[in-house]
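In the two complexes below, chain A is the common chain; its partner is chain B in one and chain C in the other.
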Partner chain A sequence: MATLVEIKNLSKRYPPRNGKGEGTLAVKHMNLTIDQGEIFSLLGPNGAGKTTTISIMSGLLEPTEGDVIIGGHSVTKNPLAVKKLIGVVPQEVALYPELSARANLEFFGKLQGLRGKELAKRCDEVLEFIGLRERQRERIDTFSGGMKRRVNIGVGLLHKPTLVFMDEPTVGVDPQSRRNILDAVKLLNQQGMTVLYTTHYMEEAQELSHRVGIMDHGELIACGKQIELIQQTNVRDAIVLKFSPEQAQQARQALKDLPLISTIVPEGEHGEKLRLTSDRGRAALPHVVRALDDIGLIPDAIQIVEPKP
Partner chain B sequence: MRRILDIAFTQLLVQLSERGTWITSFVVPVFVAVMIGIFSSTTTIQTQRIDVLHGGDPLALQFVALLRQEGAKKTVNVQLFEVCDLSAPQTNGTFCQLEGLERAESVEAFMSQRLESRLTSGAITLPSDFSAALNNGQKVNIELRVPSGVPQQFIQTVQGYTNAVIARLGGAVAAAQAIKTAVSGDQAFYERVYAQMLAKWETDPIEIREATNTVGGQLPGTGFGHSIPGIGSMFVLFSATALAQLFATERRNNTLQRLISTPVPRSHILAGKLIGQFLLCLLTFGVMIAVGTLIGVSWGDPLGIAAVVVFFTLCATALGLATAAVARTANQAATLGFLIPMIMAPLGGAWWTLDITPQFMQVLGHVVSPIAWSQDAFTKLIYYNAGFAEIVPNLLILLLFTAVFFGFGVWRFRLE
Partner chain C sequence: MDIGKVLLIIRLNVVRWFTDPTGLAFLLLAPFILTVIFGFAFSGAVNDVPLKDIPVVVVNQDRGAQFSNFGAQLEAFFTQPPDESLAKLIKAESLEDAAEARERVQRGKAAAAIIIPEDFSERLNAFSPTFGEQKITLEFYSDAASPISAPVVNAILREFLNRFTNVNIALSAAVAQNPLLLARAAEIAERVANAELPIALSVTQGAQARRVLFEPLQVFAPSMSVFFLGFAVAVGIVQIIMEKENGTLQRMLVSPTTRSTILAGLMGATYINGVLQLILLIIATGALGALMGSQSPVWGTDVPALLLVVLVVAAAFMGVGTLIVSLAKNRVQAQALSSAILVVFGVLGGAFFATGDASAPLGPVSYISPTFWGSNAFVQLTGGTFPALHIVVLLGIGIVTFGIGLRLFSQRVEV
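Moving on, here comes the complex of A and B:
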């Protein structure tokens, strides 16, 4: 398959808030390619650098270093050409609450260059796709959270983009809406769209993606097809430990030097879960518990997760 | 260009979809302007009554006649005061409302009653020996009584006119007597000289012109001619500086980020936002002009009025951009959006005419507030029948303000 996205040595440093120091390095020398027609998931906890990466790719932020090439166009040198190829579904609902669902779609459609009958046709198709045709004339501020999320997705798809960025679209939605969103992503991909999907839920990444990249503290710490990831880490199964976010940090420090642990991936919205992989699988659990006991930590929950290649 | 207009009209639609916009941009400005217009119409430029009581001697009658001439002079095209001669009621018009004088206990009591009920704004009593005292070169005491609550400025004006009349009368009498004494003592000769001297005063040798009376005109004026454009300008500033809050809201709602992710250049997004706010401000001013027209404001040259409205709105929009460039947070935007109009409006003469303020305040107002220049232009057009050419300097200075605000805004503003 042809390469659609090429991320080359991408870094982003935010300026310090108080004007002192070096600021925060949110993305560190990231390299990645995404093929046409692929669903690629970026997995990691809050603060891992996923949203910053997508913001650079969609032209919202300037990179400190490196570049992103999308469809042969450089994000830094030719952002408008890139923006014609992409559709963005931001993490937060980005709609005018005072306008109706259709008025929102029509406005953003016009900015994407759609006019007249073509615009009306695409609005009808998208409203049908997100299941809100009946309520298209109602103001957004009268909608439930799930309905707003669906319109938010619809706006990103209006102009049939080649590549769609979906930044944690299922955060804060009910299970039924979440299921609808995941099904919609699969359907879009079947229709030929390439999807870059960020999440902090391993299950979503496993269900949707052809390939997964794991980010933590601005670094892409692992990347590949799920089977490749398993092979990379030689995992038989994983141990998922749940703590409070503060305890998770302490536990991570304590476990990182444990020889039989291959990777520690933070999960959950606040990194409150740690997914441990080991070539000894669940047999590593007693060693893990002993190491945690040495520093006085007891996990709130322990889960053994078998890999789904 | 189409995408810029799409952004502009959608922004206007979004703002007009909010009830708060209707209240702050249309309802409140109209209410405040009408209230201030009513207040200023009744307290500052309504014709007042001045009662005069005298002994009916020739120079007293002459005094009344001369004071009537002074009272007939107009300030912003409204007669300042009407003299009501209580000693010769048949000489007065209906405006004096002297019904009941014949039934009164005494003329003095009637005059006091009129003062207490504030039917009259002042009462002048001439001494019974007014003519004799003047002819003999004695000092004449005239009593001016005013009810409480009459503006000090009005009292001073009446005192000024009374003194002018006294000077004319006294001057003529003194000159005639001096010549009579020097020549022959003939009474007929005295009468002729006195008449000629008084006639000389018909044309005042020294004339005081009002500071604002720079352009001639005959249009009737009311307080609304000042309050409607003044308060309109202030609320246009409120609408314009709300641009900073609008950007803060769009950042919070993530719609600005979504706009930036579309294939529309950032400069076009900014232009669309500015045009949208300009249109809202123009609507605010348009409503004020329409309400003013309904109330009866004679706007004067329509081209001139349109030019002032457009140039001031342009300037206000540029100020909105400059405000948005400075405000980093929604709270800062709200604070600046309140403070800037509340400082510029009174300094620029939106609440009261700058003519009544000290000289340094007038200078300060014209340096810091574009409202001062637009109000000057409105005053010329509304009260003095000025043409377009006479307001061109005001328009150029508004354009200069626009350039400064816009330059600063473009330099400092960041869309993200």
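Moving on, here comes the complex of A and C:
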């Protein structure tokens, strides 16, 4: 498959809040390619750098270093050409609450350059796709959270983008709406759209993606097809430990030097889960518990997860 | 810049206003209501003058008597006060025409007019056989809008007249050295004691009770309208920052639309809001002024020039607003920055101490304030002068600040 996205040595440093020091390095020398027709998931906890990466790719942020090439166009040099190719579904619902679903779609559709019959047709199609055709004339602020999420997705798809960025679209939604969103992503992909999907749920990444990249503290710490990831981390099965976010940080520090642990991937919205992989699989658990006990930490929950090839 | 998309964004925001009619009404009508309230609340303070250099006009029509001209003495008492404290308090001017003197009071140029009748000396002549029999009427025409200054002048006049009468009586008695006259002096003194004052003051308040109510509109409306225009722009700025916080600005920015187009559209909506607010304020205060008998139109009579000033004043503020949007990173910064700038412009422009003329309240430093140029452009229009320089300066402020704001927003703002 042809390469659609090429991320080259991408870095982003935010300026320091108080004007002192070097600021925060949110993305560190990231290199990645995404093929046309692929669903690629970026997995990582909050603060890992996923949203910053998408913001740079969609032209909202300037990179400190490096560049992103999408469809042959540089994001830094030719942002308007890139923006014609992309659709963005932001993490938070970004709509005008006092306007109807259709009015929102029409406004953002016109900004994308759609006009007249074409715009009307696309609005009808998208409303059908998100299941809100019957309620298209109702104000957004009368909708449930799940319905708002669906309109939020619809706006990003209106102009049939080649590449869609979906930034944690299932955060805070009920299980049924989550299921609908995941099904919609698969359907879009079947229709030919390339999807860059960010999440902090491993299960979502496993279900949706052709390939997964794991980000933490601005670094892409692992990347590949699920089977490749498993081989890459030499995993038989994984141990998932749940803590409070502060305890998870302490546990991570304590476990990172344990020789039999291959990888530690933070998960969950606040990084409150740690997914450990080891060439000894679940047999590493007693060593893990002992190491935690040494620093007085007891996990809230322990789960053994078998890999899904 | 894509004009079609600029208009699209403007239209979207106008449609959004109409989804909240209460908010829209408040935004558009509040300045009018507040201007009227401010006008009435401060009308006394504005129309009265401070207690120094109280402007008084004296019309001496006295023909004089055989040995004296008491009218001239009274006139000199005010125009060349005998002591320094009085000289500081009163600033009197002599006039020949009583009608002109009354008109000056009506126009608020003098706190009071003292009109001395032509038979003043004749009737005050102690040697006249009819002295003291008839009251002498002296007209004191005061400005009803001078609740402090006019009574002060009145009290000074009464004090002078009392002394004047007493001295006159004593003088007439002493000079004559004549028992008959002395006896007559006693008789006059008795009459004086009974009559309190042989000179009657005809105290008239200018027939401007209705005018007084609406002078404040002429004084306050221009500066307040420009001041409130600043608030309309500040509201627009906060709405743009809220678009950033709600994510809709980012949605626009990820579309194939340049940043300058988006900002021009958002600020364009604010501009229309400001223009509408100004026009409504002008129509409402103008109509109210006419309804209540204002002697001259609150906003002058040159409607095309008035419209031009409205457009350039709003443009100047929109430019400043664009600059603020490009500098502020969040709502708190936007609110703090716009409030600070508005207050500074207001102080420099005289919004809080309307001078009612085109003077710079804080000297040349006032020239940086669009509030100064805007409110004085309106004042000049009211006075029948086309404010060409003001229009050029306001347009310049608008273009420069809008240009810098667009550039900064396009280059520096990360969302």
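FYI, the second predicted complex is superposed on the first by the 309 of 309 C-alpha atoms of A that agree within 3 Å, B and C clash if a C-alpha of one lies under 4 Å from a C-alpha of the other, contacts with A are read in each partner's own complex, and residues count from 1 in each chain.
Keep in mind that, in the parts below, a residue touches a chain if its C-beta (ideal position, glycine included) is under 8 Å from a C-beta of that chain, and two chains touch if they have at least 3 such contacts.
A quick note: this is a predicted structure, and the numbers were derived from the prediction, not measured.
The superposition on chain A brings chain B into a clash with chain C.
Applying the stated contact rule after C-alpha superposition, one finds that A:203 touches neither chain B nor chain C.
Applying the stated contact rule after C-alpha superposition, one finds that A:246 touches neither chain B nor chain C. In the overlay built on the shared chain, the residue A:174 is in contact with neither chain B nor chain C.
In the superposed pair of complexes, A:65 makes contact with neither chain B nor chain C. Within chain A, the residues touched by chain B in the first complex and by chain C in the second are 58-61, 80-81, 83-84, 86, 88, 90, 92-96, 98-99, 103, 107-108, 110-113, 139, 155. Across the complex, chain C is touched by residues 58-62, 80-81, 83-84, 86, 88, 90, 92-96, 98-99, 103, 107-108, 110-113, 139, 155 of chain A. If you check the complex, the residues on chain C that touch chain A are 5, 8, 12, 15-16, 19-20, 246-248, 250-258, 414-415.
Residues 55, 58-61, 80-81, 83-84, 86, 88, 90, 92-99, 103, 107-108, 110-113, 139, 155 of chain A are the ones that touch chain B when the two sit in their complex.
Across the complex, chain A is touched by residues 2-3, 6-7, 10, 13-14, 17-18, 253-255, 257-265, 416 of chain B.
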